[in-house]
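Structures are listed in the sections that come next.
Okay, so chain A shows up in both of these, paired with chain B first and chain C after.
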Partner chain A sequence: MAISNQSEKAGNSTETPEILEGYNFAYLDDQTKRMIRRAILKAVAIPGYQVPFGSREMPLPFGWGTGGIQITASIIGKDDILKVIDQGADDTTNAINIRNFFGKTAGIETTEKTTEATVIQTRHRIPENPLSAKQILVYQVPIPEPLRWLEQRESETRKMHALAEYGVMHVGLYENIAHFGRVTTSYNYPVQVNDRYIMSPSPIPKFDNPKMDKMPALQLFGAGREKRIYAVPPFTKVKSLDFEDHPFAIESWEESCALCGSSNSFLDEVIIDDEGSRMFVCSDSNFCREETEKIKDGPVTSSGETL
Partner chain B sequence: MSINKHVIDDLPTGKAFNNPSHDSQSVFRQILKSMAEPGSILTINAQLVPPHPLSIATAAICLSLFDFETNLWIETSLKTHEVIKYLKFHTGLKIADKPKKASFCILGTSIPSLDEFCAGTADYPENSSTLIIQTDEISTRAQLQFEGPGIKTNRYVSVGSINKGFWSDREELQSLFPRGLDLVFTQNNKMISVPRTTKIDVL
Partner chain C sequence: MYVAVKGGESAIKNSQELLAEERRGDKNVKELTLDQIQNQLSLSLDRVMAEASLYDRELAALAVKQSCGDLVEAIFLLRAYRTTLPRFGTTVPIETANMSIRRRISATFKDLPGGQVLGPSFDYTHRLLDFSLAANGDVPEAMEADGTVDRNMPRVTDLLNNEGLIEEETAEDDNEPFDLTRESLKFPADRPARLQNLARGDEGFLLALAYSTQRGWGRNHPFAGEIRMGELSIEFIPDELGFSIEIGEITITECQMINQFKGSSDIPAQFTRGYGLSFGHNERKTMAMGIVDRALRTRELDEHVQAPAQDEEFVLSHSCNVEASGFVQHLKLPHYVDFQSELVTVRALRGEANIDKTNIVKPISDIAATE
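Up next is the complex of A and B:
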């Protein structure tokens, strides 16, 4: 089976599927790509502002990354190397299918190695390895409007963005502190870009928010159902909202990764048997694999057994 | 026959992309990089033969981004019959009679007052014109200092001599952010982009 093959071929370029005949390069027609490209340029010129675009029907449902796919399809070229991650992992259904989709419709090279990729499409994580100026990070976004939870009307949120009237956002965080003693938002934590627009970072854990700040790579965000594209240019200030007496802080764990031993990556808690035993492992599968390879005797569980 | 003669007369001279889909993509990536890294000098490698006085970079940007949805305004000195024919034939764009109505404008270095152009609205700042300005110099000579998003510390470049008052007018316009104008300077096959967020000091 293709899936088990891919995980065995750990870290190497994945198998290129047969190229489908009868489609334009990377699926989308050129007129659509031009429309999306013009929207991307405006998004880059106005950091954090959500540019409306004519989102197309894709051969998978909205909510499965159609926004990210349309951006990737519009920017990718023959010489690009694509990596796709879903919650940090290269080997989950969404990631494998999107990678195969571009393998089939564009015939481009794909990889699991973060450092090798020129375009990285992601759902809900930023890779642990720092990204370079030669890379573009494409986020899949479900709800692009950070104010939507507090104000349902698009006409109102648009006004609020136009006037930089963001008080309600801080009131929301304040109420959270008043109820629970701290800000309990752990993912999709709102940020302010270049001291102007408040932006949804997509549902990445707040652990990843600091990586967005002054990142050398260009960050593009696509929301297919909501028909919005926005962007953060390289080396742009991205600040997570907070208060002086309640500064922004990221998650931390007492455990370290059970496979690679890393103590500074984002960990997933995995239940491993019916007794409720659990282990913590890196959510970034490529990072974890590379760290594991550095260990001579192979991965060791927390109880000291070799896997 | 007269009908055929008419059709042949309508064909533009010059040469466009060899492979429209792939060439548009690679040119777009250069434009994207240039817009994301203001002040970086990017080179277009497409084998184009655009009609005079369009530069290779200007023509490549047009062929890559324009179609029937784009309104283009061209400044009179650059608006030759051949240029219009070339762009219309290869992209199907519409020509705007006023800069305010255009989504893209092609200009030389004598730039009219920035009030003439559409800077978008506070609600929809993306409905602004992008100005493609053909200049006589794009180099790393320190004439302008760039600072802002997309720039780690700062970049120093020269975009040739633009008419007096342009940079101060632009600085004034920046107070209206998010409204604003995005600029792309071109010379031969080189380009530099200046999005509305870039802070510029004239040295």
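Up next is the complex of A and C:
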């Protein structure tokens, strides 16, 4: 799963920490990796179906990406280049910790550049740059069950999936529209995969949902604490649930990024003083840096002032 | 001016170093040794080993030291280490009737074969702070018994069984039992899965659930039929030998709860069991486990599920403190993106409702200022 031109070193690779002695390559033993790979294969064969697996305790806490880490550990090879993002950024604590973990236990090359990575582990975002068929996107998933907020019992939700009994989900969305005039779910917006299973896209903003549809890259989802793996194979139909008269729509901003000027990326809002003034910046830090390099003028605030 | 969120890498490193310094504390005070922890904080180790599902006193002591005495953190450390250990096989099942007893009490019979053996326990102490311990007081040697403990120490439930008063405990079939550490839990869970889950479940959680049944939330009065604690040798049959060899000795605590059962159309009235077992000396945990085990048999015994402690999915899905601690605390991770999405949605909803800004609820400080 490594990209072809291995000779060309990743220009933006981050510092690789010393390799930890006494542990297996990428921490997990081969038996465990084999078990996880089998779960992944099953997940790819049944798009959107949640495959139970014998999730292990990892040296990072449950809820902090252990599902994604176990998938990455099972698919990564010595030639792979890994990128890890949290909230779109490479330098948040969670992303740094996971990147260092693989640096330490696998000694593999890491990068911040989306285009250079062969495996991208993510929490809560899909990179702005389109992904290619040579890449794998690994999502960290807290609650894999899209029906959980409507039905707490696993024994019930598994039956509902088996029978494709999804009426309750549509009723939920309908009630939402009846109350508020619109669907108020803004992230973790449910999707239907390959016209069959309803799936949680993990808590990505609904802004990212359209990127999942027919994505050339393989998308793998790992929920460590809940012990589930699911997948969307490359070029698979992923549809966000909606109604004909209330079509699915994504967030938009009147502002554009104060650093790179992008008007079509997902923006985070940053409070910059006591008055509550704010500026908007791209959540995808790598995308923003690349866009900034393209423009000559410095960043500007929403009031037009150059910083 | 906007400061780009950079430098996380070195901030993390500094945080780790600060933690190490705080762990060590004042360098003028002697550093704790693992020996000291193993010898003098043995009940901490027992809890850590039980909930980490790994019996190794030295590693448990290391985990307690590394976690600055935070036992849930220590359990997590040991569990994560456990993941890396190869599995050689399964030991021969232990026979608790044969353990070397250090403590054995029954609350259902005044006397019984083998007698009541109090052993070491807080139960008979007055909870008065002992200031002599603060002054490094020497401890007088405990008196030695005249004779050895009776070798014949049958389990109380076996005695009841002779009369048919308590349900028969039947062995599962010969199939490999479900292994919670290798497979994900399925519902309905069978008894091996349930007991494994409870054995490594958080002591506080099980204690509260057990307590709730005693207060009427799924009441089923339990009697502590027997609690026994002592040592057992562990045997293993290597393939190349074909016979069992002793590979070590562990301390365990076992609790057999005896509960009422009115009987049903098929079964006459008899007592039912709740079972608790734990590594180390861990009576609070095993008693709570025994009560919760019985509460979770509600469906199997055709009783009405009405309380949280009787709800299998509720109990078994939330008993693990490594999972619970991780997920509760993951809220410390950044949620900028989700929160931004919510901001966009709430603003849009408010825009649609055309809210007059004067109607916005004022902060308390503002209200106080105007009043």
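Simple rule for what comes next: the second predicted complex is superposed on the first by the 289 of 307 C-alpha atoms of A that agree within 3 Å, B and C clash if a C-alpha of one lies under 4 Å from a C-alpha of the other, contacts with A are read in each partner's own complex, and residues count from 1 in each chain.
Following the convention adopted for this analysis, a residue touches a chain if its C-beta (ideal position, glycine included) is under 8 Å from a C-beta of that chain, and two chains touch if they have at least 3 such contacts.
Since the model is a prediction, treat every value here as computed from it, not as a measurement.
In the superposition on chain A, contact of A:24 is made with both chain B and chain C. Looking at the shared chain after the overlay, A:162 reaches chain B, while chain C stays out of its contact range. When the shared chain is aligned, chain B comes close enough to touch A:77, but chain C does not. Of the two partner chains placed by superposition, A:238 touches none, neither chain B nor chain C. More residues of chain A lie in touch with C than with the remaining chain of the pair chain B and chain C.
In the superposed model, A:137 makes contact with neither chain B nor chain C. Shared-chain residue A:41: touches chain B; no touch with chain C.
When the two complexes are overlaid on their common chain A, residue A:266 makes contact with chain C while staying clear of chain B. Judged by the document's definition of touching, chain A residues 24, 35, 52 lie at the interface with chain B and also at the interface with chain C.
Across the complex, chain C meets chain A through its residues 1-2, 5-9, 11-12, 76, 79-80, 82-84, 86, 181-188, 313, 317, 322-323, 325-330, 333-338, 340-345, 348-349, 352. The touching residues of chain A, when paired with chain B in their complex, are 24-25, 30-31, 33-35, 37-47, 49, 51-52, 74-78, 133, 158-159, 162-163, 194, 196-197, 216, 218, 231-237.
Those residues of chain A that touch chain C in the complex are listed here as 15, 23-24, 27-29, 32, 35, 52-59, 61-64, 66, 86-89, 91-94, 96-97, 123-125, 142, 152-155, 180-182, 184, 186-188, 203-207, 225, 227-228, 251, 253, 258-259, 266-270, 272, 279, 281, 283, 299, 301, 307. Chain contact summary for the complex, chain B toward chain A: residues 20-22, 24-26, 28-29, 31-33, 35-37, 64-67, 69-70, 103, 121-123, 125-126, 130, 148-152, 177-178, 180, 182, 195-197.
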